[in-house]
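What follows is a pair of complexes built around chain A, which joins chain B in one and chain C in the other.
Now for the complex of A and B:
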């Protein structure tokens, strides 16, 4: 009988909403109480340093290439001993969608996501972070990792100067 | 001071008191609606302005009054400006016939706690509730906007669907109390409220007044999902506020009427009469808010179907049965 089922459905609906009146609201009243994000929460991006205190970033442009909204830009440069670094490094947080692809792409663990989600500014230009704003003094999530211990040995000693290494070859000499 | 002067002063004081109480209640009903609706949806609702958001109505009034009063190009100027008042005034006027307490003795004379105890009070209410829809119809028409016009057409279609069943559901109350005067109807329920004899008429009246004050599930003229805001789409500032306040005054007034017709009005044990009246009115208001948080909006044809094919025949049968019962008693 439709009348009975309809009435039952109606009363069930009223009962459900009545119960919810007395349920605790799920609201977090933001400025007063702040949610603690999970450690892997993706928010403000930082540039980390290796355990020896050097910059991890080797300005390889992979993060910039991976970025779907093109908010990362930099200029690569080299020190006297051949070690690469970013002359300037800029992240435009007004474009950033916090997808984390840059951190995934980074071969040296330099660029990392932090759980600090409170980046609101009144001026949109204040959201463009330069290298000195991005660089932190710590190692971030992987404190042991040092890129130059695994690769780029030639930077510390001149190329070909290490044991078990051939001297560099002039590629033009190999031409037929 | 002559007797006539004292009478006039007392009457004006009564009107001012009723005005103040109703407008305050309407303003706080908005807050109550927002809070209760929020609780139903597991939210907190407005709680920033003052303790527990209690100053929110004041902030809303300031906002409404300082907003720009926009009149769309091509709108009918006078009708556009008049319509909000035409929606709010009948709602307030209806309260004139509702008794909200037992007569009190003041300055050696009996003061009935009703502004005007008309002997055709029920008909007066029916007439005003029909007039109230002119505000909706004219407001929507004068706005020169598709959505507003569709809203006002729906308002009219809704009126002819529920008005008849609303009138018919009140007939048994008149038959039982043998009077159109609201104070007689209330006094006839001094011992047993009519809801005991007339549960069906009460339910029909409850559904009809939900349609009368254009609340979910019968908010077809506003239908923010379909018609932007329906008949008041083009209104801004205090003119919109007047529509809004009129709606909440309507909730209070219709709650008062439902209490008077079926729940025994101000009659009740222990508490003083006006308190009982306000408690009953607020119960209806809370029920309407609760209903808004529960039910989805009916479709246009569903409302017509429901009004004409279900409520009206039921009300007619109810009248017949009541007549037989009164005759056999």
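Now for the complex of A and C:
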């Protein structure tokens, strides 16, 4: 019977509205009032440092390869002691979709998402962040990890000096 | 031809083909490290296991060691074989460092690919990794021994294939070490191939160290311009900088490899001194203005010195497209001289060599590799065409005697590739008649035209090394259009103006010349002296064709966009021109890359032709050369005689 069901639906709707009149509002008066997102929230990206204070990023190009919108670019370079680092590192936040794939791809835990979601700008070039805008002085998540203490190339520890390595062998030795 | 069944697919291969290759032929690639088509099989890495179900051998076998035979039924997907492969790759990885992010091989690494393809993902081994100390191997190759998986490819290439003696294998047990006896630059002129041949990142290109990843390279099939052999290459560029050059396989020409000159001569393309803008009397100008000025000055010149006082000069390094348009340009400009070569001797010798060669007697590098006796006449291959030496070595390894003829064939070249050669004084002394496939290799740098002519009478095929990647094409055009050499033209005393199109002209020839115009991409002496400069693109920045020393036309493709490299971009192109240039690329938007307003030489010539009232076309190759328009850059190339008929 359409008349009966229609009336029921109508009343149900009015009832729901009526109920909400007495509820507390959920709308937040941004920007007077600000919400604190969870630590795993994906917003503005930073480049972190390892526990020894060195730049974590080794400019391996994996984040830029993973990025679906191609908004990361960089140039790798080498210091005198053989450490690979980013000579420049640029993220175009006007293109970033905050998917977090870069952070997931990063083998050194360098690139990380932060909960800072307030990055609107009037000038589009202000959304293009250079390395000096991205690099922070802390470790962010995974505060213990230093890639160079695991990679066997002898930058932080001498060659063969990492915990999972034997000291360099002598190839001229004839011992069995 | 044996017929076998691999994964239910029937495949027929030539006798002697390994089962690994037979599987590749039907698109099944089984992980393998020690096998390389140019080096053969040794069965050292134990990775290429397949299960042989029927036929003369049964069970799990290393497929690179088993020649295909009739009646074989092979499975690559068999559980036992797959398990074996995953275990082998797992133990090959036990000592491998955790350094892919800082390894230049990453992204183009066979070890990465085959570890995944072999089915190994998570490390189980908890023991410590063995480590090595590295060596300094010179300015071109970086050494990182921790990454080695002991496949022996490097020593097999270096010692057996290339005849080098200063890189080898040392040590025993888990200490097997690949390197030199002590630190020092690698001596072989083919050492750069270690970068390509090592399946891991032990040897990487030091000149491109930490510059880019494989997936970011601008790449295209190209041809090496550094001598006349026309080896096939893949140049790789990034951010408008040519970073490195890799070998590209072409069985008719270079095979799998290239020489160190071809691999490591990338810097001229990135030279900050390169002409980047049209210049009139040292002042930057627009293209139209420069064309107007050039035509005005040429008009003036003709009025003053009469018709025919202009010489249009090409060269052996100018691509065929530009070379083929020169006669039309010379005609429209009323030039008295059309020159494809600068100096008399080189022009004559190249012309003699080119008229001597024909489709039957011109020997390719593949012919040299298959030859059974080789005479090198008045030629230092290390200088005139290094890869020819590698081809000679392959013939020598198969038993061909190698004769060095004449005083200009130094013994050092044979020593560089560990070839035992016999020195003789005259070609007539060589017993070429006793052999089935003899080849005579002749240079054009130090020999005389008469000596080159004599080769026609030798009962052997001939390979001539010419001055420049397109010297053959230039000589053909010179013959067709009656070109002279610039030296001869200047000697007449009539030359008052020179239009040099990618031509290297000695300064003496420019003396007393009232007008010099240079179209070039290199900052040559001519460009520095020229009144009008029109900047052209390098070979990596354009499509084009080179005709190599055996008359083989090969197409090269545009690799990169021309322009000043981002690295080291001058302040004037950044947002604040008065501050020191920052590390990062400019924060300003531009339609064109700075310094990128260059045109291929043929395009510059075509623009001039159009201004002079000639017919404008988009196709520089016309007439007989029209057949080369659709040349496949990834094919073997086309011999010039094949398009005639």
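The criterion applied here is as follows: the second predicted complex is superposed on the first by the 147 of 176 C-alpha atoms of A that agree within 3 Å, B and C clash if a C-alpha of one lies under 4 Å from a C-alpha of the other, contacts with A are read in each partner's own complex, and residues count from 1 in each chain.
To be clear about the criterion, a contact is a pair of C-beta atoms (placed from the backbone, for glycine too) under 8 Å apart; a residue touches a chain by one contact, two chains touch by 3 or more.
Keep in mind that this is a model prediction, so the values were computed, not measured.
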Touched partner set for A:53, first chain B, second chain C, both or neither: neither
Which superposed partner A:39 touches (first chain B, second chain C, both, neither): neither
Chain B versus chain C as contact partner of A:2, first or second or both or neither: neither
Contacts of A:14 with chain B and chain C, given as first, second, both or neither: first
Partner chain(s) touched by A:31 [first = chain B, second = chain C, both, neither]: neither
Interface residues, chain A side, partner chain B - complex: 10, 13-14, 16-18, 20-27, 29
Residues of chain C that touch chain A when the two form their complex: 97-102, 106-107, 128-134, 144, 146, 170-177, 209-213, 215-216, 239, 566-567, 582-585, 587
Contact footprint of chain C on chain A as seen in their complex: 58-62, 64-65, 73, 75-78, 84, 87-88, 90, 107-108, 125, 128, 130-131, 147, 150-153, 159-160, 164-174, 176
Of all residues in chain B, those that touch chain A in their complex: 36, 38-44, 290-291, 293-295
